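Letters A, B, C and D mark the chains in the order given here, with residues in each chain numbered from 1 onward.
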Amino acid sequence: MKAAVVGAGYWGPNLIRSLVSQRSLEGVVVCDKDPKRLELIKTRFPSVDVSTDLDHVLSDRAVEAVLIATPISTHGPLGKRALQAKKHVFIEKPLAGSKAEAEMLVELAERNDRVLMVGHTFEYSPPVQKTRAVIEAGDLGKIYFISMMRVNLGLHQRDMSVIWDLAPHDFSILFYWLRETPEMISAFGRDCVQKNIPDVAFINVRFPSGVIANLEVAWLAPSKLRRTAIVGEKKMLVYDDTENIEKVKIYDQGVNFKDPESFGEFQLSYRTGDIVSPRISSAEPLMNEMEHFLDCIRTGKTPSSDGRSGLRVVEALEAAETALKTGNPVHLSPKS
Amino acid sequence: MKAAVVGAGYWGPNLIRSLVSQRSLEGVVVCDKDPKRLELIKTRFPSVDVSTDLDHVLSDRAVEAVLIATPISTHGPLGKRALQAKKHVFIEKPLAGSKAEAEMLVELAERNDRVLMVGHTFEYSPPVQKTRAVIEAGDLGKIYFISMMRVNLGLHQRDMSVIWDLAPHDFSILFYWLRETPEMISAFGRDCVQKNIPDVAFINVRFPSGVIANLEVAWLAPSKLRRTAIVGEKKMLVYDDTENIEKVKIYDQGVNFKDPESFGEFQLSYRTGDIVSPRISSAEPLMNEMEHFLDCIRTGKTPSSDGRSGLRVVEALEAAETALKTGNPVHLSPKS
Amino acid sequence: MKAAVVGAGYWGPNLIRSLVSQRSLEGVVVCDKDPKRLELIKTRFPSVDVSTDLDHVLSDRAVEAVLIATPISTHGPLGKRALQAKKHVFIEKPLAGSKAEAEMLVELAERNDRVLMVGHTFEYSPPVQKTRAVIEAGDLGKIYFISMMRVNLGLHQRDMSVIWDLAPHDFSILFYWLRETPEMISAFGRDCVQKNIPDVAFINVRFPSGVIANLEVAWLAPSKLRRTAIVGEKKMLVYDDTENIEKVKIYDQGVNFKDPESFGEFQLSYRTGDIVSPRISSAEPLMNEMEHFLDCIRTGKTPSSDGRSGLRVVEALEAAETALKTGNPVHLSPKS
Amino acid sequence: MKAAVVGAGYWGPNLIRSLVSQRSLEGVVVCDKDPKRLELIKTRFPSVDVSTDLDHVLSDRAVEAVLIATPISTHGPLGKRALQAKKHVFIEKPLAGSKAEAEMLVELAERNDRVLMVGHTFEYSPPVQKTRAVIEAGDLGKIYFISMMRVNLGLHQRDMSVIWDLAPHDFSILFYWLRETPEMISAFGRDCVQKNIPDVAFINVRFPSGVIANLEVAWLAPSKLRRTAIVGEKKMLVYDDTENIEKVKIYDQGVNFKDPESFGEFQLSYRTGDIVSPRISSAEPLMNEMEHFLDCIRTGKTPSSDGRSGLRVVEALEAAETALKTGNPVHLSPKS
């Protein structure tokens, strides 16, 4: 089996780097319409084949897997071509630029019995997986709320809002952790740098179980922030992806009442119970993700981040974008 | 001149501690209806006089300053009595439990020509003052947005929402920095622990200048968080009150475009320009605040956090509380 | 019982503050030869009595406890006068300026059957006590080595080296944790700012059990550092006194061999096992210390940091100072 | 020009990864006596040639550069063979296992007019280079002392002490910054885990200029520590290689005297002046190093970390090892 990577721009080279070290692959083909970019790819990865002709790549029967890392607006059309050519398809997040396109891809993959996987890379990241394990073991108790920050060093996109650029990560992580989808999404934000391209947004999410979440996504930030706090009935967990040493910390804590009748002192306490930072594997998420994709092709398993997972995230993105534009909350029907 | 502290509960002893070391005062009287609490106060501060009778305290002509540190619902009535007795009055934040009461206090103070000051302590805190100086020097350029987190170790109040408990700090800081008041406030939250007492809220604020802010206030948190990020056109500033060494940091940074045409590498950069953490005085905010109050009484100056400042904050709190209850944004007319 | 504080300079006011809130005391007398300083004390602590005459204070039979917070060179003579007057005596660290004086104080206290306690405040600090509990529970396994840093913001003393100023803390903590005294001490350092006053020193210590320690003490430092790492056979512990939230952290960790035969990757791992930061009481060390002193007087218990403890530390300081001057290690006979 | 990497064990693959992306090279040959390891290399880097026969590799005239990444004891003999074959030679740190061997390599390279470079990688690391620039601009003033910590997660070597494993980094960095070599080295340490293999050492170094340094090197540590503090007359600098965001920080600070006559308060200040964290390039040190080596071959320039630099470090390592064994300081004659 060979794999083809379509799109050798910003993210493609990372996929290529991962794929060339997969021993189960007989070869990697890279397809891009720009020959100069392909030349660079050859310099860096001399073992790959390159092509500017997607039809030619898709007609190669040895190419069973196609990985799409192109601008969002082309995810739908290119995914469709690859699925129609009976390839197993991996598409970078978000799955497509609209709910309609995402649904089309899901249906086409199911009809053709092909693997369709979306690049929700964080679902393959050890700290995110550890956090799900902690939640599902009941260590935190009932979840009350989740506060997420994903803010970047001003790497601006020219063609989409910060919601479509950064929130796919947070939505996919939230749905992966909670195993439910929102009933309500509202959003508040601003286009600070380029007119009509929101570059900061605060997104509120309410789930059927009662859990609420606040997502702060921004391109303009003092420093890279990747901080998520999950507050539960029994314990609380902080996941900070910019930390080297303690990416996940679990805080033991009860609820105290500040009794207005008590004789108090200036409160100096900064915490209450123990704090535990569990050991986390240092495996690379992208490598885990690529292995999972190839494994699903070989075994017929449904990917953890399958087409339906991609569709749920696209639906949430559309809702957040609409809420931001109209100023009104968007109500959704929960998805399985 | 003597000063009287009314209310020897949670916060009162901090005011007493500050006042007993003010050399300009001839004495401090503490008034509380609970004699046991007064006994404790005498043990800790043997030099103060105590009384359970507010009328008696207010009739003492040597008592020119009255400081009220009682539950919020009593701020209005007690403030009124003190002002009617022609005292200069300091009231703990928030100024009052409703806009109507706050307006009454402001009018009464103006009519009687007395100093009315509200305990927006952070306006007297060196890092908050330094931040205003940085903003006003133009170092950050035009402000784009502000993200504030104030989350606590589960010190629950029984009689009011987390908005009335914690957001007075953030609103007073915001208005102090920006010198404007909101045109719109919306809020999203939940009552996790006690029914009908919201203990987590995400508040969105829009100012006439276009600046937006997001306030996260919560009683339930993994650890005390006091983090504010101000993102401006030129630079960004982070103020973290839980930091010992670097409470204020200023980040130099431009805006970069992630060009989809460029040949990229996995982005490892965590920051761009220099980071500067300016020297901050270690003076105690409460001490600064008490000195300012006594100084305003002596000189007739208007306090930095005067009654009108307190009224603006109360109005914002009412709006946030309404927005939280109704789910709809509240539009306000900007105040001077 | 009354207590008298002798010396109202740099540290004395902290003792006074602690003592005036001790309900078991009937009164506090402050003695200093400088009347101006006593005036300041009266302003801050109106309830205390003051005197410039030590003989007068020592002749007051109600004064059973005397606390000495004067320059080191006077600890011996003043301690002697207080013990001869049959007072229970607390002396700030180090107990005395020489081994001979320290021995004299210990003998005098034993002969007169009085409590003699030295102000090794850190032995009363919750994180230091927690660390001893962790060691004694065997959680760390056999201790291998201890690395301590105590560096300060350039608060220079004019009359003694950084060793006498800062190392009493580290020696007292080490002896408290390990329950043994050194067999060898060597030292290396420099007088950077004032000729003949060493302001940075690296002290090596070897204990009979085989444990070794390195102490870095300096007045000149980029920021206050108070970091101690204890490396044991099973686990390791870091105690950082400048941390607000996680003063003590325990690291689970095994020993791995870097096998030169293995096929390696660039090592990205920053840690191995879990990290636990146990809950630590936020009680104030000085308050604990004062309560312990008064309790020992009342009950006749031997203080945890008694005269012999002070003597052991003075002996280590003398050895370190000698080692620094001569460049040669000093060998000691272990003490009980 | 082709390059040959000798040794495909722990570090070799990192050199190979760097070299295959160097466009100025026509090819990379990897030589190892173990065919299995070469197979793995082919899987990961399909474009390289492999060989188990060093003579064959050295006889290839296209191979102008030879990079040696084998166990330390073989650096001398293998380096000699490569230099005798008229190759330009790069040897991983330390240059050789003894001063005599290092001298032999230096002489041989000079006689044959070949480039001899040692892999003091940190000299090619942006924060280390930035620190030298800050020192040489005089920003810190006269340097007083340097405190270095390099402690690792228990990756033990079986055949050498922690001094030979970790201290080459610190010595090379120190000599690179200060442009001088020590006049005295002493050392203190212990073999905690394996008999006769010291795994923790505290090394004291004195330079002719008066600067002193303390190096803590250990394999057993709670977490990876890479912290260096440079204290100067005017400012101080901290370089922490485990930090993502602020690897280098410069602290503005004066010297204050703690006047025993002043009336003090409990000292709460944690710092004095401004702190600046300058922007640091995120270039990879190893890539810089490989480019520099190839550039020196092409241009005839002397490498920054040339053979003499390697010799100076080996001499310091030998002195530290001797000092550790004998317990006595070793005096050295400064080198150019």
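Throughout what follows, contacts are C-beta pairs under 8 Å (C-beta built on N, C-alpha and C of every residue); 3 or more make two chains touch, one makes a residue touch a chain.
Owing to the predicted nature of the structure, the values given are computational and were not obtained by experimental measurement.
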Query: Can you name the chains that touch chain B as well as chain C?
result: A, D
Message: Measuring between Cα centroids, what's the chain most distant from chain D?
response: B
Query: Between chain C and chain D, what is the separation of their C-alpha centroids in Å?
result: 38
Message: As a quick test, compute the distance in whole Å between the mean CA positions of chain A and chain C.
response: 52
- line: Note: chain A residues in touch with at least two other chains are 223-224, 242, 244-245, 269-272, 275
- line: As the complex stands, chain D meets chain C at residues 8-11, 13-14, 37, 40, 71, 144-145, 147, 149, 151, 153-159, 186, 188-190, 192-193, 200, 202, 204, 206, 210, 212, 214, 216, 218-224, 229, 231, 233, 236-238, 242, 249, 251, 253-267, 269-272, 275, 327, 329
Statement: Interface with chain A, chain C side, in the complex: residues 244-246, 252, 268-279, 282
- line: Per the touch rule, the chain A residues reaching chain D in their complex are 20-21, 23, 43-44, 46-47, 223-224, 242, 244-245
